[in-house]
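The following pair of complexes shares a single chain, chain A, combined with chain B in the former and chain C in the latter.
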Partner chain A sequence: MTTATLEDRERRRAWGFVAPALIWTFAFFVVPFLYMAAMSLWSRQGREIVRVWNLDNYARFFTESALLKSLTNSLEITLTVTVLSVLLAYPLAWIIAERVPKRWQRMALILAILPFWTSYVVRSYSWLLVLSKGGVINQALLGIGLISEPLEIASNRTATVIGFVHFFVMLLTLTIYSNLIQLSPNYRRAAADLGANGFQTFWHVVLPLTLPGIMTGAFLTFVLCIGDYITPQILGGNNELVLPQIIMLQIGRRADFPMAAALSIILMLAVTAAYLLCARWLKIERA
Partner chain B sequence: MTRSIAAAAARRFFRTTTALASIAFLAGPAVAAEEFNALVWCDHTDPALIEPFEKANDVKVNLKEYEGTGAGISILEQSRPGDWDVMVIDAVDVHRVIEMGLLGEMPADALPSADLFPELRMEANNTKDGKTYAVTEKFGYNTISYDKTKVDPKDMEDLTVIWSDKYKGRIALYDYYLPMIGLVQLGLGGKTADLSEADMPAIEEKLAAMKAASKQVSDVVSSQTALATGEVDILVGGGEWITASLAKDKPDLDWVVPKQGAVRWAQSIAVMKDSSKPELALKFVQYILSPEGQARLATSSCYWGMPANMKAGEHLAPEQKLALRWDDQTGYLKNTQLYPVPSAELDQKMQDAWTNMMQQ
Partner chain C sequence: MAQPGETQATDIAFPAGSARRMLASALSWFYLAAVYAFIFLPVAVLVLFSFQDGRLPVPPFNGFSLQWYESVFADRKLMAALANSLMVAVASSFVSCLLGFLAAYALARYRLPASALQRGLLIAPMTVSYLIIALGLLAVLNALQVPLSLWTVGIGHVVINLPLCFAIIYASMGDHHVNIERAARDLGASDVKVMALVTAPMLMPSIMAAFFLSITFSWDEFIIAFLLSRFDVTLPVEIWSMLRSGLNPKTNAIGSLVFLASVVVLVVLELALFGRSRKP
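Here is the complex of A and B:
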């Protein structure tokens, strides 16, 4: 009896602690999400929003090439950015964790994330100036005679990818670094004792053990990149549109909130698919 | 020049933030005796324009900036009656807001209509059933801006240059489908007012050619930056509102109305029907339309444009008139046409055509 009362009290206390977060999540995530999902089934006809449920918006997305292409553009750019960012961030994180003396590691990390301190918009516009015809890169290459005509690296996908990679390398460096420094040196000693060379130790021991850090960073990169509007808008030159830009067009120009909601649901599904892929893969590796 | 653009962008950002913060804290203590709220385009957020009115009337004007009629109507749809006292809107879209029942009638005799350029009185747009709901305050052209040291100015007098290969990769397209499709219609020899679904296939074909010849499709800031930094040499859809404010630092930038004509934009100002301060709102409208207010609005830091009031010329410096091509207005007004005013269905087709063009 007493035990049951204590358990009840503990349970009530636990619910008391959890309730604010649950109410918050329900009010500001679940309810808006359900409303958005319902709205995605409405439609804009002329200048009116018709509140009759149908799948017209989704059908339109899969039949209009310009809309569908925004998803493929988003996926292509996001995957390119994620892969490039991992390839660049891993060696950087490894050098900071393994080669930089302990007392300098904090300073190295601060330097690595220094660009985070600048406004995202300002940083994107800065890249536009750096990559433009008269920008630093083209002027330097022209100056040393490596090229005779300025490279077309602004206002296109290359510029968007560069802007993204610059940002996400910092993020991935942090997640991979935090994983690397937690790795006991005993693993590498054991591998060496068993006759593994440096590469074999890295490939069979270090890399698998740091995969959780890589996948966490890669997933964050995927989520933030596929949902980003600013970088493609500023650096892409509108030469191809990604999904968030198409969503903004529905809201800003057409006031077509149902279509924007449908596109947002599709974006969420893409993120969910990425999460399921990462989670499943990580689970297999851990097993 | 890049610095000046960046500084202007920073000033705009600061002013917008300030305006939004002001609206967010409407319930807070007010320094001025009265306040009212105006839904405006960015040119109205220039303190040089607003402060003289605020000081003269001991009033605080809370400004919220928007871009594009769709966005403005979205804001109105999400607002409560009385939230806004004054609104600036594209002149060709005034009737959309009248039909929503949101604009109040203004006494015609309280407005200086006789002082406006005749083409800018626009009774068909600003009035309904003989009642005045809005008045034109500023106008300009969506046409061709260019760097006269990089291109042949003679070429810019022919609108078909925008889909030719002569300047391939050196052209930026202004990212606003309405005036751009209007320009194509003019280039094809049609009238913007007659634009119908039947014209769309030919327009889409030219849009595709324009995209192939262009380097980028960009908003105001990016277009202006691209032209000023030499990233592109031609901006299709530009005009005095892009180059005039840069004239001092970039004298090589110019604009012209081609022989086929150009699209004329015009913005109107209106008092909202549910305004709780209609007298003050009307007073603001009268200030904006006064010669002094008009000169300040014409040379706003956000973008320049021609004042609708002919008497504003008395308050403009000679170099400002030159940048605005004040003396060419008679010919330009005759050779330009208003934005197309599509039905909802045609509007959707035009937007689809524009989106398809960008995705090519």
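Here is the complex of A and C:
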């Protein structure tokens, strides 16, 4: 009897510990999300939100080309950025883990992610200084006479991709590096003993073993990239809007909350699809 | 252990490959330098042209001047935004760590029903874009007619940082700590005492890591702060409104200052951690 009541008391205390976090998440995350999901099925008339259930917002999304185009723009840019970032970051992480002497590795890694700590808004802005018509790259190329007209590399998709890749290369280098150094050298020795050359060892042993780390980083990149408003807004110009920009337009200029909610749900679905695609590699575990 | 010997053995196994090996090595150093140049290019340009003596932060560099730094420090709104940012970052990170630690302790040490579901719920905000979290909160706050302020920004920042703090602290709650906690309990400490005086100090490195990571996230967060604030704004939002004036060396100056501050914090943290890890 006493053990049962003790257990009850313990359990009640445990609930007391976990409750604040659960309540916070429920009140400020789950409820707002459900409210938004409901709102996506309402509509706007003038400045008022009319609570009549319908699918008009979603229908409009699939019929209005400007809206649909923002999703494909977002997906194209995000996939380009994710692939480019992984391709750039993997060799960098590998070189830091394999070629840089052990005692300099920490330093090399800190250096590689140092610009991470500038303000996010400022980082996008600083790419404008580099890419704009009067910017560093154009001035340098004009100066050495390689081009006669300034290149159009700011205010378009290229600039957005460059700005994103810059950010995510740093992030991915960190995740891939931590994966590479956890790899026991025995695997590679075993592969070498069995007659594999450097490339075969990499392709059949190292790469598959670091795939979970790559996928985690790639998923993180996808989520952060597709939901970001700042980089495309600062660097992307006005021709190709992405989904977050269209969402911000709805609540800013048009005050159309239901439409913004519907677009957010669509953004959410894109992330969920990406999650399901890489789910088998993603794990959060207790040590 | 036997690593140097092992590499030597492979060197002997492929003597003809040494030229190729040197080429590969040269290529990797070149690659390293190229990517580092890419990573540092915008920051270097940003800092260099913050000292520009003139109105445009692009080439040619006209000469060295501190005028833009002076105008940053003279800007009341910018300084107020900086103070707001610090306040929101520290407060929201503290709340996130506290709630995250309590939840991690309960879920790691007690058997609770549906604990996998609870963990999932606590982690869930991590997989949702900040924009969506901000929009949902904004919609609810509007519906309840709650005025926007730094408080609402703080609430939003706890939503995004709580999963992070929970995950970091939960991951560090290894089973090897259980015996120490049991010993404390045997010696008569109450559950709350064990948690506060035994578990928390043991986990302090990861709690501090979670705290500082949260601070940097909150400090730099834009979209939630932008949508959920009105009159008092945080630094990223204030910088955003400065951007409307186009390229301006003053933006470079404030950007460089933020960068400098982060680097100083990073160096201090690194030295502090390094100092501790050397002492066994």
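For the reader, a short list of remarks on this structure follows.
In the analysis below, the second predicted complex is superposed on the first by the 261 of 287 C-alpha atoms of A that agree within 3 Å, B and C clash if a C-alpha of one lies under 4 Å from a C-alpha of the other, contacts with A are read in each partner's own complex, and residues count from 1 in each chain.
What we mean here is this: contacts are C-beta pairs under 8 Å (C-beta built on N, C-alpha and C of every residue); 3 or more make two chains touch, one makes a residue touch a chain.
Not measured: the values here are computed from a predicted model.
Once the two complexes are overlaid on the shared chain, A:Glu240 sits against chain B while remaining clear of chain C. Touched residues of chain A were counted for both chain B and chain C, and C has more of them. In the superposition on chain A, contact of A:Ala66 is made with chain B only, not with chain C.
When the shared chain is aligned, chain B comes close enough to touch A:Ala255, but chain C does not.
By the touch criterion defined above, A:Ser148 lies against neither chain B nor chain C after alignment on the C-alpha atoms of chain A. When the two complexes are overlaid on their common chain A, residue A:Arg47 makes contact with chain B while staying clear of chain C.
By the touch criterion stated above, A:Arg11 is placed in contact with chain C alone, chain B being left untouched. Look at A:Gly134: by the touch rule set out above, it reaches both chain B and chain C. In the superposition on chain A, A:Tyr125 contacts both chain B and chain C.
When the shared chain is aligned, chain C comes close enough to touch A:His166, but chain B does not. When the two complexes are superposed on chain A, the residues of chain A that touch both chain B and chain C are 125, 128-129, 132, 134, 234, 251. Those residues of chain C that touch chain A in the shared complex are 3, 6, 10, 25, 28-29, 31-32, 35-36, 38-43, 45-46, 49, 56-60, 99-100, 102-103, 105-112, 118, 121-125, 127-133, 135-140, 142-143, 155-156, 158-159, 162, 166-167, 170-174, 191, 195, 216, 220, 222-223, 227, 235-236, 239-240, 243, 247, 251-252, 254-255, 258-259, 262-263, 266, 270. Chain A meets chain B in the complex at residues 46-47, 64-67, 69-70, 125, 128-129, 132-134, 152, 154-155, 233-234, 237-241, 246, 249, 251-255. Residues of chain A touching chain C in their complex: 10-11, 13-18, 20-22, 24-26, 28-33, 35-36, 39, 88, 91-92, 95-96, 99-100, 108, 110-112, 114-115, 117-123, 125-130, 132, 134-136, 139-140, 166, 169-170, 185, 189, 192, 223-224, 226-230, 234, 244, 247-248, 251, 257, 260-261, 264, 267-268, 271, 275, 284-287. Here chain B touches chain A in the complex through residues 2, 6, 9, 67-68, 70-71, 73-74, 77, 96, 169, 175, 177, 215-219, 222, 225-226, 229-231, 343-345, 348, 351-352, 355-356, 358-359, going by the rule given at the top.
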